[in-house]
Structures are given as C-alpha cells and as structure tokens.
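The structures considered in this document are given below.
In what follows, chain A forms one complex with chain B and a second complex with chain C.
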Partner chain A sequence: MTAVTSVSPSVPALRAEFGPAIERHLVSCGDTIVYASKARSHDVLGWLKDAPGQQYDYLTDVTAVEYRDSERPLEVVYQLRSLPRRADLRVKVALDKQETLEVRSVVDLWRGADWLEREAYDMFGIVFLGHPDLRRILMWETYAEGYPLRKDFPLRGHFSRAEQTRQALAANPEAHYSLEELSIADSFDELPPDMRERLARGERGFLK
Partner chain B sequence: MSLRTVEMALATPGLDREGRPIRVPVGAGRAAPGTYDDDFGAEHMLVNIGPQHPATHGVLRLVLEMEGETVKRCIPHLGYLHSGFEKLGEYRHYNQIIPLTDRTDYLSPMANNVGLALAVEKLMGLQITERCQVLRVIACEMSRIISHLVWLGTTGIDLGAFTPFLWSFQERERIYNLQEMWTGARLTTSLTRVGGLMADIPQGFEAGLREFTRTFPDTLREVDTMFTRNAIWIGRTQGVGVLSAEEATNHSLSGPMLRASGVDYDVRKDRPYLGYETYDFDVPIGEHGDIYDRYRIRLEEMWQANRILEQALDRLAGLAGAPINLDDPRVILPPKSRAMSDMEAMIFHFKQVMEGVKPPAGEAYMGIENPKGELGYYFVSDGTAKPVRWRIRPPSFINLSSLPRMCEGALLADVIAINASVDIVMGEVDR
Partner chain C sequence: MGLTNPAVQNRGDEITSVSAVSPNWVTTRLDFLTNWARANSLWPMPFGTACCAIEYMATAASRFDIARFGMERQAFSPRQADVLICAGRLPFKLAPVIRRIWDQMPQPKWSISMGACASSGGIFDNYSMVQGIDTIIPVDVYVPGCPPRPEGLMYGILLLQKKIKGESFTDESLRDEKLVGPSGLFLPPEQVDELSEPFGNSVHQTRSA
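On to the complex of A and B.
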C-alpha cells in the first residue's frame, strides 16, 4: 500500500469539460475525490462513463455520508471504476440539508445503482429522481421511524420497544406485502374484498 | 406464446384515488382475469419462497409472479437479518468494529477481519510487518476455501446431489479446526487488529495446514469427477441464469459472478494488497456467464487458493519469530505482562483501551477480493476515535441485485439453481 498523492488525470479533463460544475477536488489516502454540482451530477457521471479516455464503466458503490457537523452538507458518494483502464475515481455530490435531498438517479447509466440507490434512500432519505422503483429495501415499506443512518436518528430508534411491538402486532395483513405484489394480485382479482376496502380507504399499514 | 417477460415493470409506491396500487402490472393489458390461453396450462399465480426456506440460503424472500411454470417476474425482499452494523460502527472504536465484520459474511469471517484492518491501515497510512502480511494471506485463502466449499455443498443439495455436500463439509471442518486453533473461535474469529493480528499462529498450526494443503486436492478431484462431466449437473446448470459480460459489468457484479461472464477483474491482481502480486496464482475466467461457469470458477479458485496457501507456508518458514504487530504503541496494545509492570506501557494500554485508535481526518476506500466478490470498506474519519461513516460494500447484496434479471423467463426449478449460483450470505446482504 504505497501512498499515492497524485491527482487522477480525470480531474483536469473534467474541469475542461464542465468548468464550474466541478466544485473542487482533493486527494485522501491516495484516492482522488471530485465534487460535482448537484444540478449537473448526472451529466458528469454520464460523461465519465462514456467519454473516450475515461470509460468508468463500472459503478463500484453508491452511498452517502452525513457529517457530525450539522452545518455540513450531506454527500452522495459514487465510487467509479474503469475496468479497461484499471482506474478508480470517487465522485461526490453535496446536498444542502436545508433543501430537499434530491439528486438525479444513475440507474439509466448503471443498472447496479438500482439497489444501491434504494439503500441510500432507505437509510438517508435521499430521493433519487428518475429511479424506476424507489422504495425501501432493508427496512420494510411501512417503516415509520425515519432514516436510520441519519445523525439525528438515535442508535436505538425513535420508537420505544413497546411501541415497536404494538405496531408489529397491529399491522394489517396487507402491510406485509409490497404495493407491487398487491398490484399484481389486484389486477388478477385475487385481493380479498376486506383488504381491497381497506386499501380503498387508504388504510394500508397499521391499525390505528 | 413468448416465455420472456416484458421489461421489468416499474413500481410506483402509492395508491390512486380509488385506493388501488398505482402500477400497471405485467400482463394486465393482455388478457382479462381468468381468460388465459393455456398453451402451457398457464395459470397465473404468485409463489412466495422464503423467508424460511432452505433453498433461499438464509432469510431471503422471493415473490415470483408465475405463468404456468415460467417466471414472469421475481421480486426479492430483503432486510430480515438487518442489524444496522453500519450505524453501530459509528458508535465504536475502530478495533471494536472488527467483531461486527465477523457477523456480516459469516462464511468467511477471517477475510472480513483482514479487509477491515487493511481499510483502517490505509486510512492511517500504516505499513504492516511482513509476517503479518503472510499470515493475513493465509487467513484470506482459508476463508476462500471454506466459503466456496459451503457454496459447493449447498448448491449440490439444491440441485439434488447430496454426496458432495458431505465431502465439502468434511473438508470445511478441517479448516474450521485450524481456525479454532488459531483464533479460539469457529465463527466469530475477530482475528485482526489495526496494525497487526490478535494472535500469532499456535504450535502445530503450520503442520496442520501443510497436511490440509497436501490432502485437500483429493477432495477437489473427487468433486471434479462427480460434477464436471455429470449429465444431470450439466443439464441443470449450462445455459441457465446467463449474464453477458456487458450486463455483468453494468450490474456491478464482482468476484466469481463477474469473472464467469468473462470479465477479467480480480482485486488481488489488479489492485494488489498484502503482496498478492508476489504470489504465483491464476485467475480463472469463464466465457458463458451461466451457472456452470460459476461452478467451474469456484472450483478452480479453490485449487488456486490451495496453491497460494502452499506458497505462504513456504514464506512463513523463513519468517519464524518475526514480529506480527507494528512497533507502534499508538495502535498496538503493549503485552499484558509489560502493561502490568512498566509505567509507560500501562499508560499506552490505558489510552488505547479508553480512547481507541485515532486515524487522521480523511477518508479511505479499501476493496479486497473476498470469496463472494469485492468486499469494500469505506471509512470517513473526522480525527476522532470513532468513524463518521463506515460503509460496507457488500458483494452478496450487489450480486443478488441481478437475480430478477436472471430469473426472467426461467423455470421455477431454475430459480433455485440461479439463486444458489449467486452465492449469497444474508448476514452480508442485510448487514
């Protein structure tokens, strides 16, 4: 593990292509990190994927970081890799916490982003605009306590143990199925009438 | 009638004004309910597999939309084993995170430990000792063998072959005995520490491992005889669950799943760590991207892991008595005997136990080639003893995300085979 301190050659190329949309860059532990503006993040990532000489065709990971300093923006982190060039690059998009947490989805570029973005949505509440199927993945769909990896989320959760148990026991049967499954059953007339009535009243989830 | 499903239809969470789920389901526009043509006796139904089902390899739940025996759509449901490890990690010192990694991919705990230690060492810019590197390579390759053996045995069972399961679990038991000898635990090994190891190998370990590497190929040969040219095995696995190289790359697959599709990427070769570039081993690459190629690759990887183990044992003989830990009291605990007798050592001991290892502010991503694929640990530090963010890049989770794609148009029985071929561990998928 030799400490490489040089900047990835993609950075000057990005600056030449996108100018001010590349906010800043830095090197940490040998990894180059580039900050792209929220408005043009999809263009930047798409260009990195397809431009000759960049070819970041492999999306290693999508995640997010929230800092302990509550003033600091939340960051969406894309770990990119170019398999033909054997090069890595980390692209970050800063999201101001005063505004809505939204960023363009990259599922149209990399299918692998599908579940990774769902997880970031599930854990941080970041909405990936244009994601085909953005719903919770590790927590259940009717989970009501918020976003677990946010810093304002206590380690043991917002609800007491008693409340969590009460909610689990009071759940309607349809709370255990995803809307996708319910929609399939519905279109084939397989939903029991009482369940359909509850759904019509908007009562999916927990009994009050 | 086409057996292929249409494009994965898109779910929109929410209900319409009448309270019906919004998404238009597959097939809804094609035939009214109950008026299906029955070329294949195509009865429409939803099949629920899991979460408690042996063929889902843990608490995975698959909801399959079937038409007759053809899968139109597969919807995986995860999270039954979600433990919030990443959140827990933010409340722990770096060395205290190591026990959490045992419990993610619990079929290769030692390799996870190594990955975590390497990530923190990258964050701190530490260079570990040579003997420690060799021992960590041994830990990684032992893990690779036991993980692949579990995969082989359980996949065989899923497809109706019982005997290789017994053979592979017998071999696995021998590694587990060695693992227990070294770490005192069979599953929760917590082998590494930042800057070194929890313990050096005990007496008799080298001889035991040497004996294992000598006799293990016999089992591999038996499995090879039993499976590789077996008509049933070939019939069930060839051409099933195919992913092209482009798809595999685009789905971010890694490890044997990626290489079976013909993409030549192995972290050990392409971003070497622990001195892997100095070992002589081959990386098998598939060409068809089906279950059979994944089997061939995992089998070959066990051969190669055995080769690496032999070379590592040779090196270990030349490093007898060399230190396993860094000589740095900021990261390594002084020996207990010194901590009890020497004032300075006691202070270091106290500071480390109470305050923990403190990496400088910064961030690091470290990927290692785990048996399941690329396991990445991403740390963000603000200079305190607890990470701001600890992210696991889970290879099983990402490999599993290609399951709906592979199951489209497959038969129900193939779903079991395809799911087995991904080689998932739910502890890691759900974390």
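On to the complex of A and C.
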C-alpha cells in the first residue's frame, strides 16, 4: 500500500471560494491540513459542512495545540468527516498568543461541538464566541489555577498540595451541574428549596 | 474462626462453656464478641474509580469470593457500610465526594486504600490528582500494587480483620471522628504537603518547571 500524499480536492475548492482566507495547506501522514484565517473560520467551516460536493457533516473533534516554541501561535484544530463521501479534512485556525484567544463557536453548525469546545476552553483558555454554555467541563468550575494544558502551566499546578486539597474539599459536589442540566433531568423541582435558590443564584462553590 | 458449640469445644480464655451449670450458657469477653462480629460481617462500600475496581470486582466474584470473609453484601449505600474500599486514583474533583461518603458512613467504620494511586497518587503526580487518599480520609490498610491482584486485596482484608480483632470496645479514641477542621483539612497543611511530596522519578520535576 502506498502512502497517500495527494491533496484533498476540497483545498482548491476552498481557495476558489475564500481566496486569502485560506492561509496555507499541507499534507501530513496522508491527511490534508488547511489553515483558515481566524476572522473567517466560521464561514469556512459552515461552507465545508453545507456546500454540495463537500458535505463534511460530522465533526470528529475540536481541540487545540500549543507548541513548545513560544513564538508559534496556538492552533485550534477541527477534524471533519464527511459520512456520505467517506472523506476527512483537518482545519486549523491559528491564534496569536499576544492577542486574546478567541474564535467563533461552531455549536450552531455541529451540536456535538458543545462539550468539545468546553474542553478546549477548560484546558487552554480559548474563548469560543457564541457558545451557549461555555463553562469548565473536566476541572471543577471554581478551579482557580489556570488552564492545565498550557505550556506555562506547571505539571503539579500552581498551588501547594495542601491548598489544592483544601480547595477540593471545600467544593460542593452537587454544584458541578448547571441549572440547565438539572432542569433537563426534571429533578430541579424536586430539589430542596434552599438548593434551588442557591443554584438559581449561580452559586457553584466556595470561591467567589 | 467463629463460635462453635460450647458444649463440644472449649476455646480457652476466649469462650468458656459452663457445662456444669447448663449447656446453653457461654461466657466470653465483650471485646472478643464484638470484634468477632464486626470483623466477620464487614460490608464494603466500593468506591471504584479505575482499573483497581476491575480487580475488586474479580475479588467479589465467584472465583475469589470475598463473601467468604463475611462481605456477602456490597453496600452501595454508605449508611449501611462498614468499610470503604477506594479502588483507583482519586482526582481532586472526587475528593469532596469520597469525603461526603466517608462522613455518611456510621461508626464503627474502616477504610482500605487499594492500589498505588489511591495510596500515593501513583504515576499521576500531577495537577488534578489527590496524592494519597489519606489526605482526605483516614486509612486503615494500604494495599500496594498496580493494580493489586485479588489475593493482595484479600490479604488486605484479612489484615483489617486482624486489626479489628485487636481493637478494644472501651477505647473511644478508636472511634474519634477526624472531621474537616476550620482550615478545610482534617490534617495540618504541612502534613498534607509532606504526604504529597514527590518520590521516585518524579522528584526531578520541580513545581515551577
């Protein structure tokens, strides 16, 4: 079996449609990677999802990469899959670390991006503009040490173990659920009144 | 192990049948009787978070069968449990959960820390993991291994039974509740830091790296 080195046919179509908004592309291990500009990332991804002949209807993953070279921009990675065409495409959006880490959310295109973008926010601090419920998902909501997968984050965290343990023990295990999640579970009305009131206030733990 | 028909067997200073008075009477020490009952009816509260829980399930299943040691009933409610078995690594996010389960268990209660991660953080010497559950709850028996084999866990259970059999009914200090104090910890902060210190290969990684 020979290695696939050909560029995905989506690349010339993207260049014809978006011109300079497609910054560059490359082929790595047989996968085509397209760099889209931050300003038009949502248009590019929406077009890839809906345009006839593209039909990337399945969002496999949204994640981010920070490189050890501190001058290199942080990259948001969208791994797309077209179920009818059986084709893959990787789209990356470079975010300059000198600017605010913001990019348009794609939850309106693929609902599955909801938790994936929350994870990228939780681990890298990337703000997805227009996300309906951008909260931490893996770390607890009052987590105050920063964004663990950033290169400037020490492996064991910023705080001492005693302080980490103290904050963890002070957390309220019930406060991990949002008001929406509790409402969806239809259990909200059955909660004790003081807890309902506390959740309605948006209280999540002990850190203010 | 176990009480036998006093008319048949005399167990020395633990159980004495007073057959001359009546074959239906037996005298024993209260400590021996309570400890015997407690040690042989430990209801475990499984707190399985990782691969150790798979070994725990194997220990509970028919081949190894911890029901042989009086652990017939898995108490999935902390209010009906005697021993908390933490099988697997404990992330900080679960720390308040295990603490609440421990607080909900009625006295007398014991706990087993199963595996390297529950006992010391194991390979997870990072920002998200509790470095040993003894910084969260008091631990009676540590079972080493990654994960421990069922034989290892059973040895730990037998050690716990041995420990229970040495307890004294009148020693109230054994039943002291180690509550989370005003500092938010049940141990002094320095002790938590000392217990959580890196060891092995991970000492070469500094906090500020």
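Assume the second predicted complex is superposed on the first by the 166 of 208 C-alpha atoms of A that agree within 3 Å, B and C clash if a C-alpha of one lies under 4 Å from a C-alpha of the other, contacts with A are read in each partner's own complex, and residues count from 1 in each chain.
Quick note on the criterion: a contact is a pair of C-beta atoms (placed from the backbone, for glycine too) under 8 Å apart; a residue touches a chain by one contact, two chains touch by 3 or more.
Keep in mind that what you see is a predicted model, and the values were worked out from it rather than measured.
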### chain B or chain C, by number of chain A residues touched
B
### Task
Considering only touches as defined above, state whether A:Thr142 meets chain B (first), chain C (second), both or neither.
neither
### Task
Report for A:Arg86: first if it touches chain B alone, second if chain C alone, otherwise both or neither.
first
### Message
Between chain B and chain C, whom does A:Arg161 touch in the aligned arrangement: first, second, both, or neither?
### Response
second
### Query
In the superposed arrangement, does A:Cys29 touch chain B (first), chain C (second), both or neither?
first
### Message
Under the stated touch criterion, which partner chain does A:Asn172 make contact with: chain B (first), chain C (second), both, or neither?
### Response
second
### Query
If you stack the two complexes on chain A, which partner ends up touching A:Gln55: first (chain B), second (chain C), both, or neither?
neither
### Query
So, A:Ser37: does it touch chain B (first), chain C (second), both, or neither?
neither
### Query
For chain A, which residues lie in the overlap of the chain B contacts and the chain C contacts?
138-140, 148, 153, 155
### Message
Show me the residue ranges of chain C that touch chain A in the complex, using the header's touch definition.
### Response
92-93, 95-97, 99-100, 125-128, 130-131, 135-136, 180, 183-185, 189-190, 192-193, 195-196, 198, 205-209
### Residues on chain A engaged by chain C in the complex (per definition of touch)
138-140, 145, 148, 153-157, 160-173, 176
### chain A - residues contacting chain B, complex
1, 3, 28-31, 33, 57-61, 63, 65-68, 77, 79, 83, 86, 88, 90, 110-116, 119, 123, 132-135, 137-141, 148-149, 153, 155, 178-190, 196, 199-202, 204
### Task
Name, in rising order, each residue of chain B that touches chain A in their complex.
8, 10-11, 13-15, 18-28, 33-34, 44, 46, 63, 65, 75, 77-79, 82, 84, 86-88, 91, 118, 121-123, 125, 127, 247, 249-253, 263, 265, 270-271, 273, 362-365, 367, 374, 376, 378, 380, 382, 388-389, 391, 393, 397-398, 400-402, 405, 430-431
